[in-house]
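Chain IDs A, B, C, D, E and F follow the sequence of writing; residue 1 opens each chain.
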Amino acid sequence: MDKVSLIHGAGGEMMQSLIGSVFANIKNNNAGGVGLEALDDGAAIPFGDKYIVLTTDSHVIKPIFFPGGDIGRLSISGTVNDLAMMGARPVALTNGVIIPEGFSMDDLKKIVESVDEALGEVGAALVTGDTKVLPKEALDSILINTAGIGIADTPIRDSGLNPGDVIIVTGTIGDHGISIISHREGFKFGTELRSDCAPIWNTVKAALDVGGVTAMKDPTRGGVANVLNEMASKSHVKIVIEEEALPIRQDVKAAADMLGIDPMEVANEGKAVIGVRADKADETLAAIKNTKYGKDAVIIGTVTEGKGVIMKTKIGGQRFIEPPLGDPVPRVC
Amino acid sequence: MCLAVVAQLKEIKENTAVADFGGLTQEVRIDLLENPKVDDWVLVHTGFAIQQIDEKEALETLRLLEEIAKMDEEQ
Amino acid sequence: MPVDQEQIAKSLAAKIDKLAAGKDIKIMHVCGTHEYAITKSGIRSLLPPNVKVVMGPGCPVCVTPQAEIDAIVELAEQGKVICTYGDLLRVPGTKSSLYDTVGDIHIVQSISQSVDIARQNPSKEVVFMAVGFETTAPTTAAIVLDGPPENFSMIVSHRLVPPAMKWLMQQGEAKLHGFLLPGHVCTIAGSHDYEQFPVPQVIAGFEPLEILYGLYMLVKQVVEGRAEVENAYTRAVRCQGNQKALKMMEEVFDVCDIMWRGFPVIPDSGYKLKPQYEKFDALKKYNIELKEVKKETGCLCNEILRGIRDPTDCKLFGKACKPLKPVGACMVSSEGACRIWFTYGKAHKVVKE
Amino acid sequence: MDKVSLIHGAGGEMMQSLIGSVFANIKNNNAGGVGLEALDDGAAIPFGDKYIVLTTDSHVIKPIFFPGGDIGRLSISGTVNDLAMMGARPVALTNGVIIPEGFSMDDLKKIVESVDEALGEVGAALVTGDTKVLPKEALDSILINTAGIGIADTPIRDSGLNPGDVIIVTGTIGDHGISIISHREGFKFGTELRSDCAPIWNTVKAALDVGGVTAMKDPTRGGVANVLNEMASKSHVKIVIEEEALPIRQDVKAAADMLGIDPMEVANEGKAVIGVRADKADETLAAIKNTKYGKDAVIIGTVTEGKGVIMKTKIGGQRFIEPPLGDPVPRVC
Amino acid sequence: MPVDQEQIAKSLAAKIDKLAAGKDIKIMHVCGTHEYAITKSGIRSLLPPNVKVVMGPGCPVCVTPQAEIDAIVELAEQGKVICTYGDLLRVPGTKSSLYDTVGDIHIVQSISQSVDIARQNPSKEVVFMAVGFETTAPTTAAIVLDGPPENFSMIVSHRLVPPAMKWLMQQGEAKLHGFLLPGHVCTIAGSHDYEQFPVPQVIAGFEPLEILYGLYMLVKQVVEGRAEVENAYTRAVRCQGNQKALKMMEEVFDVCDIMWRGFPVIPDSGYKLKPQYEKFDALKKYNIELKEVKKETGCLCNEILRGIRDPTDCKLFGKACKPLKPVGACMVSSEGACRIWFTYGKAHKVVKE
Amino acid sequence: MCLAVVAQLKEIKENTAVADFGGLTQEVRIDLLENPKVDDWVLVHTGFAIQQIDEKEALETLRLLEEIAKMDEEQ
């Protein structure tokens, strides 16, 4: 296969193979600390007795305005959350906006307002940017890249799980992905599903302050299914999830059933999957639940020796939770 | 091609009905049904109601399953 | 479903274990949705190792041959607006899948959405890819009887379950002890067509407990030496099926021979539009011929499905045939035997502690 | 005008108006130090007794491979140079790659090799990245966003010119822009013009080490003409340039004449315009000339009281050097 | 050019200063390239304040009316491949410029490149926008005589300098003392056509010193009360012009009346294809009509060019008429009076210390 | 429409020639010229040579200009 295909960008196994065969060749990949080779939520560079955490994400979402947010709010949330996942307080962000000619100036203003509002929620600043305009023939929708830096005392890795830890998810699963897919495919529901898009530093900070967090990752592309697999494999542990514990909104569940899509496999944009030492689990959960974006947090599973991610189903069965192969697509059979 | 979801008919128009899928509503075609009525529970496949659910049978199956579980306990 | 699902499941599993003790029982289901539910609920992990549930040629997407994918891709490239169920998006033809084709391709949730698209775009030609078994065929029939607009047509790729089961059994030496029949296919078609087969069969629903219950009934038949068609999905399936839907199908379709991916042409296993509705046949309308792919590539799907060969017996396995470039149905479905062996190695994918 | 037009992305006056009316509304725009409002080459955030400098740029160049470089080398050079322009040693970079489906895997590998090579030249590392793949219908060519951080003792601003300073340009003018336009428009020349695309931190460092640098900016979009105007206006000074001193390659001049484009108005991707205290001018120039990318450096003008940028022409005339209104376009009259 | 350009320039400027002492002299040039060279070399800064050089309707791009831009935009939107010189790209029509139009638009350096594009794309229709004065018209003629392919056509928008000068002078009370004639137009057309005008005229080249020399000769004529056509560009201009080129133009074109942006239709000031070449006329081929824009918007370009009005006298100035949405030629060119006044305010743009 | 650049003809084909623009070469059309020869200096406009440069006249103009400058000095 000598061409890049859509599936290479879908966050699954093929994406890993693309990264492995292309980007992993970069030799200048580490500035001390956590570098590109870690494929964590961001990099961490030692500086004095702290770490500068650096991360980037490009946002290509369509529709650009959706129930619960827009591409502006998303671009800030995504980067703030990646910084938070590394245990870093988000400090300063960049914005690289690429606009197709003919784009509505009012829409651009709305997007920028959302950017500002999301920044304000976590006390971060947009300190530098870049704007490009491309011909309509070259690009069909606005793209926003956001990079950001944060400061961490010690970076939290996605590979830090230990047997005995418990797994917390900070809220309901699948809201963003299921709502976007429904919206995008023009499936008309009587009520409106909403994305959970939010910058959750304050929620994460509450968890960090308790002192028992061992690993974190935000379940964006590939969803909770993907994140659990990455965390388990990088930490060399097995994760066991209780199906009954999974927090899934009733309307999200109904839409997911209709679409034939597993809510575990779609993106969340305001959630974290957090590994916590068992002795700190209750306190951490309570701290999280006490924050704006952590009210629905629950413990969904535990970490044991072994490998893989296993779900204990409602009927007492067990199955692997696998990382999705590509972007979820509505299905009927 | 056989994913079907249970819904309840809420409002019947000509050959369509508004169906309630546990909180979410969507319009479905009902022209494959013999005699659709409001409040009927139906199976919906690709936007078409393909059959009414027989509530009596559903309860009967349930009873059977519970009996099996109880039999077990009694053993 | 009620109070303690786990308790009921355990009881059913225990009963199956007890009944099947000392025997090797292999049960085939022929429905993608059954596979989905079995996998998601971890049913296989509850069954004793001597009771195996395997997947037959029952996912209409998996069995859609390359020739049909090539045809819809060709129409997409010609600039037609293509409507398809998402399932089909990534299934490869000889050159490309719809996913990798540049064109105006819509994922729809219902055939009636594709008719809406045709009505809203009168200047464009809209082609719907009508895949599916008996469950889906009546929706196509309903649309044809509606009188869709002139710019709407479809590739009719509907297939029928009983002829495929019949063909599979005619191949002989199948090591299958019974069939879990597809609940939603039977919701439309009823159960009479299955009475011809001298094997244990149970129609099952799709809730995890309904499936387990169906398996229990099947194992019971096997052990008791019966070979009947039983119904474990009475809330939805009547033995005469959905008569109204069946009548509409009869009005619109004639039975025909049709290709299945990884199999030869199976007699009387497909539907085509009756002559008076041929104007909605995209292949005729745009003069597209289904090009049968070069004679039998060596795919062993049918032997694998009958349980007499393993994926590794196939020369193409992992070479010409891979998950992103499958040759046979067993490599298309994420639950096909070849796909599982490729991804997980010989080790069975079921969690066992 | 309620739509974004190509000219809004061309780096001139309209771009300023876009930024002014949209991005300037962001209130969370400063994390201490130099923020978004400065519109400098990057932001500078105080950290201990140093500054973290942060910058970003999206690269949308076509053709993606061109004589003298490719989009990979360009994406690193652009960000390294922006960091350098702030007086910061480039430390760690990010890469947000957006790829159209069907893109050649070999081309992608070549681009990534160029990225690595450019990083190696200045000892920086690519520490984190993001990859997206878009349908062919949505995007027609690869896009790369690169953000980066560097460390500076004191940030150098583009607004630091003082009357009496001299203006140095670190090498020939217009090479990148004229070569790309020639190449892109399919104008066939017998010999090949080459882009100057290079990461010039080592050249800049040589200048900084002398200790007399007062202001810096890299003449990318809008070229030297634009940069001189920005520096003059932000520094509240007048700059006087000697036409005769401008270093322009003979072949670039010939091509520019044929295209009807002013080499002063096109992008350079391996050059800096540097303001230096007069007493350090010669020493700084010598230091620059001693580096790989500084051999053709010259003093092109001086800073005085006043405003605007003036050119003394070869015939002894004077004229304003104006910031270009939009992207340069070949002309015949 | 040689040794000390600055020294020569100073001498010429000093002579002009001396000759013009006590008089106000206003000279018009009618060539975009003259303006470009004058601006880039800062010639105005060398002249005494009583000698002014202003720009006439001499940039073919500036004077291309909205109707012609609308026509080429319409063709682009229809899917034709459009070839144009870069100059024209941003000139707005009533709705859009080519720059803001979605279509297959190529910037070419030569009309022959656009013919190449037509040959390489036989299935596409290629339209070239043939703007330009006498300098450019023979290149169009040469291509027409070549016999371009069937899929090639053009909007012929060539204009002639002498009829425009004549019209301008006929408006009366022009405060112009002489004309710097366009060197490259005269390279083709020679100088005879200008002898009809009873004003001082000098043909000048485009090197800064050639222009200064031409201005010196003009001021000399003015002061000495002569009104001749003199040639300061002898290395390129012969008085009979380029006879071969002129013959080719005659073979291909007929003279016609034509619209100029900001002016009314000027008689005999344009070219159209002779009937035998009409198949290359894109307007005829695609049946496009030039829609004259709503009668005289109030643009004062012609008065401004004649020096009898200022931009601020125009009601549209800075309101309906802005650099990115110009109404008249004076706002299109970056050296037009309206454009300069808009960008810099009343203050003259010339550097004076 | 009158930007023209000086070039020297280097190689003459049918109705085109390779022209040297100070180091860069490009093909130009020469069918508007009366009698094009290799080494001719020409004015090129939109890819067409529109006229030969008369070297004698060029030198004469140069001489004239230098004389003017000298006259000035002598004054």
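Throughout what follows, a residue touches a chain if its C-beta (ideal position, glycine included) is under 8 Å from a C-beta of that chain, and two chains touch if they have at least 3 such contacts.
Nothing here was measured: the structure is a model prediction, and the numbers come from that model.
*Asks:* Going by the stated contact rule, which chains contact chain B and chain F alike?
*Replies:* Of all the chains present, none is in contact with both chain B and chain F.
*Asks:* Counting one step for each move to a touching chain, how far apart are chain D and chain F?
*Replies:* 1
*Asks:* Select the chain at the greatest separation from chain A, using centres from the mean of Cα atoms.
*Replies:* Comparing chain centres, F lies farthest from chain A.
*Asks:* Tally the contacting C-beta pairs at the A-E interface and at the E-F interface, and name the larger one.
*Replies:* Between the two chain pairs, E-F has more contacting C-beta pairs.
*Asks:* Using C-alpha centres only, name the chain that sits farthest from chain C.
*Replies:* Measuring from the centre of chain C, the most distant chain centre belongs to F.
*Asks:* What rotation angle takes the CA atoms of chain A onto those of chain D? Round to the nearest 5 degrees.
*Replies:* 180
*Asks:* Starting from the mean Cα coordinates of chain C and chain E, work out the distance between those two points in Å.
*Replies:* About 72 Å, centre to centre.
*Asks:* How many angstrom between the C-alpha centroids of chain C and chain B?
*Replies:* About 22 Å, centre to centre.
*Asks:* Using Cα averages as centroids, what's the distance between chain B and chain E in whole Å?
*Replies:* 78
*Asks:* Suppose each chain is reduced to the average of its Cα coordinates; what separation in Å results between chain A and chain C?
*Replies:* 35
*Asks:* Give the residues of chain D that touch two or more other chains, as numbers and ranges in rising order.
*Replies:* In chain D, 1, 5-7, 101-102, 135, 137, 187, 258, 260, 331-333 touch at least two other chains.
*Asks:* Two or more other chains in contact with one residue: find those residues in chain B.
*Replies:* 1-3, 45-46
*Asks:* Touching two or more other chains, which residues of chain E qualify?
*Replies:* Chain E, residues with two or more chain partners: 8, 10, 32-33, 36, 60-61, 85, 87, 100, 109, 113, 132, 136, 209.
*Asks:* Chain pairs in touch?
*Replies:* Touching chain pairs, listed by label, come out as A-B, A-C, A-D, A-E, B-C, C-D, D-E, D-F, E-F.
*Asks:* What residues of chain B sit close enough to touch chain A in their complex?
*Replies:* 1-3, 5, 18, 21-27, 44-46
*Asks:* For the complex, give me every residue of chain D touching chain F.
*Replies:* For chain D paired with chain F, touching residues are 187-191, 193, 250-251, 253-255, 257-258, 260, 331-333.
*Asks:* For a test of understanding, state which residues of chain E touch chain F in their complex under the given definition.
*Replies:* Those residues of chain E that touch chain F are 1-4, 7-8, 10-12, 14-15, 31-33, 36, 60-61, 85, 87, 109-113, 131-133, 135-136, 138-139, 142, 182-185, 187-188, 206, 209-210, 213, 232, 234-237, 242-245, 248.
*Asks:* Can you tell me which positions in chain C touch chain A when the two form their complex?
*Replies:* That would be residues 5-6, 8-10, 31-33, 36, 39-46, 59-61, 85-87, 89-90, 99-100, 107-109, 113, 132, 136, 208-209, 212, 323-324, 334, 349-351, 353 of chain C.
*Asks:* Which residues, counting only chain C, touch chain D once they are in their complex?
*Replies:* 100, 102
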